[in-house]
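Presented sequentially are two complexes of chain A, the first with chain B as partner and the second with chain C.
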Partner chain A sequence: MESLLRDKKAILVFVLPAALIYLFSVFVPIIWSTYYSLFSGLPGINFKFFGLRNYAKMWGDRIFLGAFSMNLEYVAIVVLGQVGLGLLCALLFMFGIRKYKTFVRTIVFFPVVLPVVAVGQLFTKIFEITPNNGLFNSLLVLLGLGDLVQPWLGQPRSAFLVLCSMDIWTAMGFYAIIFYAALMDIPTEMIEAARIDGANGLRLLRNILLPSLRPITLTCLVFSFTGTLKVFESSLALTRGGPGTATKTLSMYMYDSAFLHSQYGYGSSIAVFILIECIVVTAVINGVFGRRKY
Partner chain B sequence: MSKRISVLLAVLVVFAGLAGAQAKAKTISFLSIWPEANDNSKLILDLTKEYQATHPNFKLDFELVDTNSLQQKVKVLLASDDLPDVFAYESGTPILELIEAGKIVDIEKAFKDLGISEYLDAGAVSLLKRLASNKGLYDLPLGMNIEGLWYNKADFTKAGIKAPPATWDELMTDCEKLKKVGIQPFTAGGKDKWPLSRVLNMYVMRKLGVDAMEKGVAGKISFSDPAFIESAKVVQDMAKKGYFGTGITTVDYATAADTLFSGKAAMLYNGSWFAENLNDSKRNVAGPEGIGFFNIPLVKGGAGKMDDYSMNCGTILCLSKAKYDAATADWVKYVFTRMGDKAMKDYGAVKGYKVTNAKTDLPGYTKLIQAELKKAKTAGLWFEANFDSKTSQVAQDNIQALFLGMITPEQYWKDIDSANKEYQASK
Partner chain C sequence: MDTARIRSNIASLLFKIFVVIFLAIEVYPILWMLISSFKETREFTSNPSYALPEGFFVQNYADAWTTGRMGIFFKNSLITTAVSLVLIVALSSSVSFALVKMRWALRGIALSFFMSGIMVPVTIVLIPLFTMYKALHLLNTYWSLIITYTGFGLALSVYLIASYMRSLPDELIEAAVIDGCDIYQVFWKVVVPLSMNAIITVLVIQFFFRWNDMIFSMTFISRTAMKTVQTGLLYFSDEWGNKNWGAIFAAISIGVMPTLALYAGLNKLVIDGMTAGAVKG
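Entry: the complex of A and B
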C-alpha cells in the first residue's frame, strides 16, 4: 500500500481525473463569472467593459440591499434551526426513544428526500387562506383562536418566517442523521465512565458529547451556512420571492439580473459577492471552531 | 502512432458520411409555452403533421418551456447564438431587443416574398407593429385578445346592482353594495403578479388615456405626475377597504377564476382567452349565462373613452434569422395560410389570420367576446408592454407591495421611474 501511494504515476491516475473535473466545472466558471462581472449588457449583443461599476452599483440598489439583509437574517435563523434542532433530534434518537427508533428516524429524515417544489406546495396549502383556510388557519379556528387567522404567506414578516420554518423542517433530518452517526461513534465506555463519575444530562452533554462532536458540528455548520447563503428554490417554490420582494433572496436576484434583465455583468457580480460571502463565512467558522484544541 | 491517426481519420470519415446522408432531411426546432395538447401548439403540430404527409423528410422538434421562464430561456439561447428555428416570445420591449440585434426574420418581407401577405389580419399586424415601436413586423400573431371585467351576474342581482357600472364612481358604489351583502367585490390572481398590475392599468388607461404608459416610458409624461400617483392610490385604497379580500397576493390565477365562478367574488379582470375556461361547463359552475363582461368604467374627467379597449396579441411567434431557409419558408407558407381557418374550425378562435369559413355555432362566451371585439376602436396595451424586463419585474414585484400597503403610491412610481431611466440610459 505504502509503495503504491509513493508511486507518483499512481497518484496522478487517482487524483488527476477528479482534479480536472473539479477544475473545469468549478474553477473555470468562477473565473469566467468574475471576468463577466466587469462588463455590462448581454454577451454577443451589447457587451461593454464596465470596470468595477457593477460592484459599486450594488450598494445603491434597493432590491439588492433588501435581498442581502433578508439573506443574513434568514441564514442566522435557519442555520441555528437546522443544526440546533438536528442535534436535538440526534440526541433524541440516541437517548430519548427506546421503541420505534427506525420509524422515528425515517420520519425525521423523510423531508430531506422530498422535492423542494413539492414541499413548497405543501407549505403553501398548509398556510393557505383563500379560497379556504389551510391546515394551520383551520387549526387556529378549532382551538378558538380565530382572531389569529391571517394570510401567512401574504404578509412580508410571516411569509419570511414560514420560509425559515420550511427550510428548517426540510433539512433538519439530514443534520440529525449526521449527528446521530457521530454520536454512535463516541465510545460507550466514555459515556458510561462519565455517568459513573456522576455526569448526567446537561453535564454529560456539555463536557463529553459536545466536545466529541466538535469536528462534525464544524462540518454541519459549513454545510448549512453555504447552503442557506445561496438559498434559491425554496423561496421560489413557496412565495416566488413575494409578497413584493420580501422573500427575494440574493441568488434569485442574481438569476433575475443575468437571465431576465439581460444584465450578465451585474448578475455575475452578485454571484461573485455570494462566493466571497461563502468564503468569509467558512473561514470564520473554521477560525472559531477549528483552532481550539480539545 | 500513425496507425492511431489513421483509425481516428477512419472514424471521422464515417461520421462525416452519416452527417452527409442526413443533410437532405430538414429538422426545425419549435420552442413553445403551450403543452402539445393545447390550442396554439396543437394547431401548429397538427398542420405540421399534414405538411409531413407530402414532405416526409421534414421534422419538427417540439420543446416546451414554462411561461415564466420563456424570456430567460430565449435570452440564454440568444447569448449562445442558438435561437430555435421557431419560438414563442413576448411582444413589446422584449422583442425589440431581438429586432435591434438583427436576430429574427422580418415577417412582413418574408410573407411578401412568399406571396401570402393577404393571409395576415390587418388589425393584428397594426397592433404588433405598434408593440414593436413601429420598427416593422417581426412576429406572427397567435391571438387577438381584448381585456376587461368579468362579473358574476347572480352576485350583482343579490347586491341589487341592475347594470354593470359605466363610471369608476359607480364601480366603487357597487363594491360597497356587494360588501354589504357579504360578497367580496373583486378577486385577482395576485400570486402571479400581472393580474394586479392590470387592475392599476385600468385606472391609468381611463385617467390618462390608452397611450399613457408609452408616453411615460418615452419621458413625455413624468411618472411622478399626480395622475399616476392618484391611480396607485385608488388601487391601494380599494385593497385597504377589503375589496380584494384577505391574502390577495397568495391567490393564484386558477383559484381566482374559480372564486368568480362560484360567486364568492363578484368581479375579475381578465382577457378574452378566459372564454376557454368560461365555456368549460364542468369548471364554470355559474353556467353558460352566469358570467357577464363589461369594459373598464370611465374615470371622471379622464382621457379614456368607452371604445378604448385593452388589447393584445398574446404571446407571439418569432423565426430565427440565422436558421431561416427555403425549407423553413415552405413550412411557414403551408402552416400559416391554413392557421386562420383551422383555429376557427377547431376552437372558434381568432388568431390574427384570414378566416374564410366563419363559423356560426360558436360557444356562448366566444360569441360574447367576438361581439365585444367589434366595438373596439382604439387599443390600449397591458401595463408592462413598454417596459424592459427589469422595469417590468420591478412593476410586478412592487404591485404586490402596493396592494399590501408595504410601499406608498409615490414609491411605486419612483421605482418604476428609476428602473426605466436606467434602461433608457443603457440603450
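Entry: the complex of A and C
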C-alpha cells in the first residue's frame, strides 16, 4: 500500500504532463514578460537592454496616463456596482422574495455565463443611434423622452458609463449568488434573536449581517478588483476603446503597444504593471482589512 | 381596510414592480437579441427597435452561417474547446490524484505551484506566448489555442477536483489495492468514477471559459478561416458594419446558443461550480 502510493514513476506519469503544459503556458511566460519589460524594441530586430526605463517612461506617456486614470475610475465604479448591487440582490433573495426564489436566482446569474463579445455586440446595438435607434433610444422615444436620444457610444463620457453599466450588469449575479450562499450560512437563530431584541432593517444589516459577511465580502472585493483592473474584452467588444481613447483600458494599451506598435518591451512592462496592481490590491485587501477585527 | 393595511399593500406592490423591472433588465436584452435576429433589414428602420418581428426571417441565420462564415467559426470553436476540455479533465484529475492521495516530497510545493495560476491576468502571457508560437510555427493553428486553453484551465480545475478527491476516504483505495489493483487501476477504476461530480462541474465551467475566450484567439489567430466564434463575431460586425442588423443578431445568437442551452439544462450545477472557488476559498 505505502509503496504503491510512493511509486515515483506513477507520480511522474500523473504530474508531469500537466506540469509541463502549465509551466509552458502560464509560468514561464510570466517570468519571460518580466524579463522582456527590461528591453526596448522588437526581439531580433532592435532589441536593446533598457533597464527600468520602460517603467519610468509610462509616467510621461499621455496615453498610458489617460488609460491608467480611466481604468482607476472604471475600477471604482464597477467594483462598487458589482459588489454593492450583488449584496443588495442577495438581501433581496433572502428577505424580499418568497416565491420563485430559484427562478429569480437563475435569471440573475444568467449574464455571468454569456460570452463577453456577444454581450459587447449586443450592448452596441442597444445603445445604437445610426442607421436606426437601438433599444435604449427607441424606449426613450416611447416614454416621451425623445430629447434624451443621443449617440451614447459616440461621446466619451456616456460611452464610459455604458461600459461600466454593462460590466456591472454581467457580473452582478455572480456576487449576488456568493453573498446569498454566505447569508444562508448565518444561523437563523442569530437573526431571530436580533429581531426579538428590536434590530430591524438597517440595524440588523449593520450589526448582524455585515460583520458575518466580512470574509466573503473581502473575497468578492479581491475578485472584483482583479477582474476590473485587467479589463480588456468588454471594452474592446463594446467600443474598441473609443471614441478616441475614451474607453481604452490599460490592458488594451498594452496590447496596442506590443502588437500594433511592435514595442514588446514597453508592452511587457505595462503587463507587469497590471500584474503588480492585482497583487498589491489582493495583499492590501487581505492584509489590512482581513486582520482588523470588530 | 385600515390605512396601515393599504399602505403595506401598496409597499408590497411597489416592491413587486421593482423586482419585475429588475428581472426585465437582466433578461430583456437577451430576448431582444433573439427577437431581433428574426427581423428583416427594413424592419429595423421602419419599426421601433422594441417591436416584434413581422415574421420569422430565418434567412438571417443562413446569411450569418454561410456568408458570414459563422459555420466555420463555430466548427473552430467546437474543436478547440472540445480538445482542451478533454485535456483539462484528464490532466487535472490525474494531477489532483497525485497531489491529494499519493505521498511524495514536493507535493506541497506542487500544489501551490498549480494554485498560483488561478488569478494570473491573461495579458501578461500574451507577448511571450505569441513569440513562442511564432517560433514554433503554431500561430494560426488549433494547437496554439488548445495548449493555452489547457494551461489556463488547469489551476481552477485542479483546485476543484483536488478538494473533492480529498474528501474521498483512503479506505476505498486500500480496499482496491487489496483486491489487486495497481496504482493506475486505482486511479482509473476507483478514484475517477467517484470524482465524477467534480469532473462534470469542471467540464461545464471550463466550457464557458474556453468557449467565451476572445483574447487568446484574437492574439494567436489572424487567418479568417481559423477564427473562433468570439473573434469571428468581432470580425463579423466590422465586415458587415451597420448594414445587416438581422444577420448580426443572428450571428450573436449563434454564438450564445451553446451557452444558453447548457445553462438552461444545468443552471444549478453551473451556478454552484462557478461560485465554488469563491465560496470555499
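Quick note on the criterion: the second predicted complex is superposed on the first by the 263 of 294 C-alpha atoms of A that agree within 3 Å, B and C clash if a C-alpha of one lies under 4 Å from a C-alpha of the other, contacts with A are read in each partner's own complex, and residues count from 1 in each chain.
Definition applied: a residue touches a chain if its C-beta (ideal position, glycine included) is under 8 Å from a C-beta of that chain, and two chains touch if they have at least 3 such contacts.
Note that the structure is predicted; figures quoted are calculated from it, not measured.
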Next on the checklist: Looking at A:A67 after the superposition, I want to know if it touches chain B, chain C, both of them or none. Which is it: first, second, both, neither?
Outcome noted: neither
Checklist entry - Which of the two, chain B or chain C, is in touch with more residues of chain A? => result C
Checklist entry - Looking at the overlay, what does A:L87 touch: chain B (first), chain C (second), both, or neither? => result neither
Next on the checklist: Applying the document's definition of touch, where does A:P43 land relative to chain B and chain C: first, second, both, or neither?
Outcome noted: both
Next on the checklist: In the overlaid three-chain picture, which partner chain does A:I168 touch, first (chain B) or second (chain C), both, or neither?
Outcome noted: neither
Checklist entry - Does the superposition put A:F259 against chain B (first), chain C (second), both, or neither? => result both
Next on the checklist: I'd like to know which partner A:S251 touches here: chain B for first, chain C for second, both or neither.
Outcome noted: second
Next on the checklist: Going by the contact rule set out at the top, does A:P131 touch chain B (first), chain C (second), both, or neither?
Outcome noted: both
Checklist outcome for this item: Overlap of chain B and chain C contacts on chain A, residues 43, 124, 128, 130-131, 255, 259, 264
Checklist outcome for this item: Listed in rising order, chain B residues that touch chain A in their complex are 71-72, 75-76, 78-81, 97, 101, 191, 193, 245-251, 255, 258-259, 262, 264, 388-390, 393-394, 397-398, 400-401, 404, 406-407, 415, 426
Checklist entry - Once bound in the complex, which stretches of chain A touch chain B? => result 40-45, 62-63, 124, 128-131, 150-151, 153-156, 240-246, 248, 255-257, 259-264
Next on the checklist: For a test of understanding, state which residues of chain A touch chain C in their complex under the given definition.
Outcome noted: 1-2, 4-8, 10-11, 13-15, 17-19, 21-22, 24-30, 32-33, 36, 43, 92, 96-97, 102, 104-118, 121-126, 128, 130-135, 137-139, 141-142, 169, 173-174, 177-178, 181-182, 216, 219-220, 223, 226, 229-230, 232-233, 236-237, 251, 254-255, 258-259, 264, 267-268, 271-272, 274-275, 278, 282
Item to check | Footprint of chain A on chain C - complex, ascending | outcome: 15, 19, 23, 25-27, 29-30, 32-33, 36, 44-45, 48-50, 87, 91-92, 94-95, 97-99, 101-104, 110, 113-114, 117, 119-132, 147-148, 150-152, 154-155, 158, 173-174, 177, 182-184, 186-187, 208, 211-212, 214-215, 219, 229-231, 233-234, 237, 242, 245, 248-249, 252, 255-256, 259, 262-263, 267-268, 270-271, 274-275, 278-279, 281
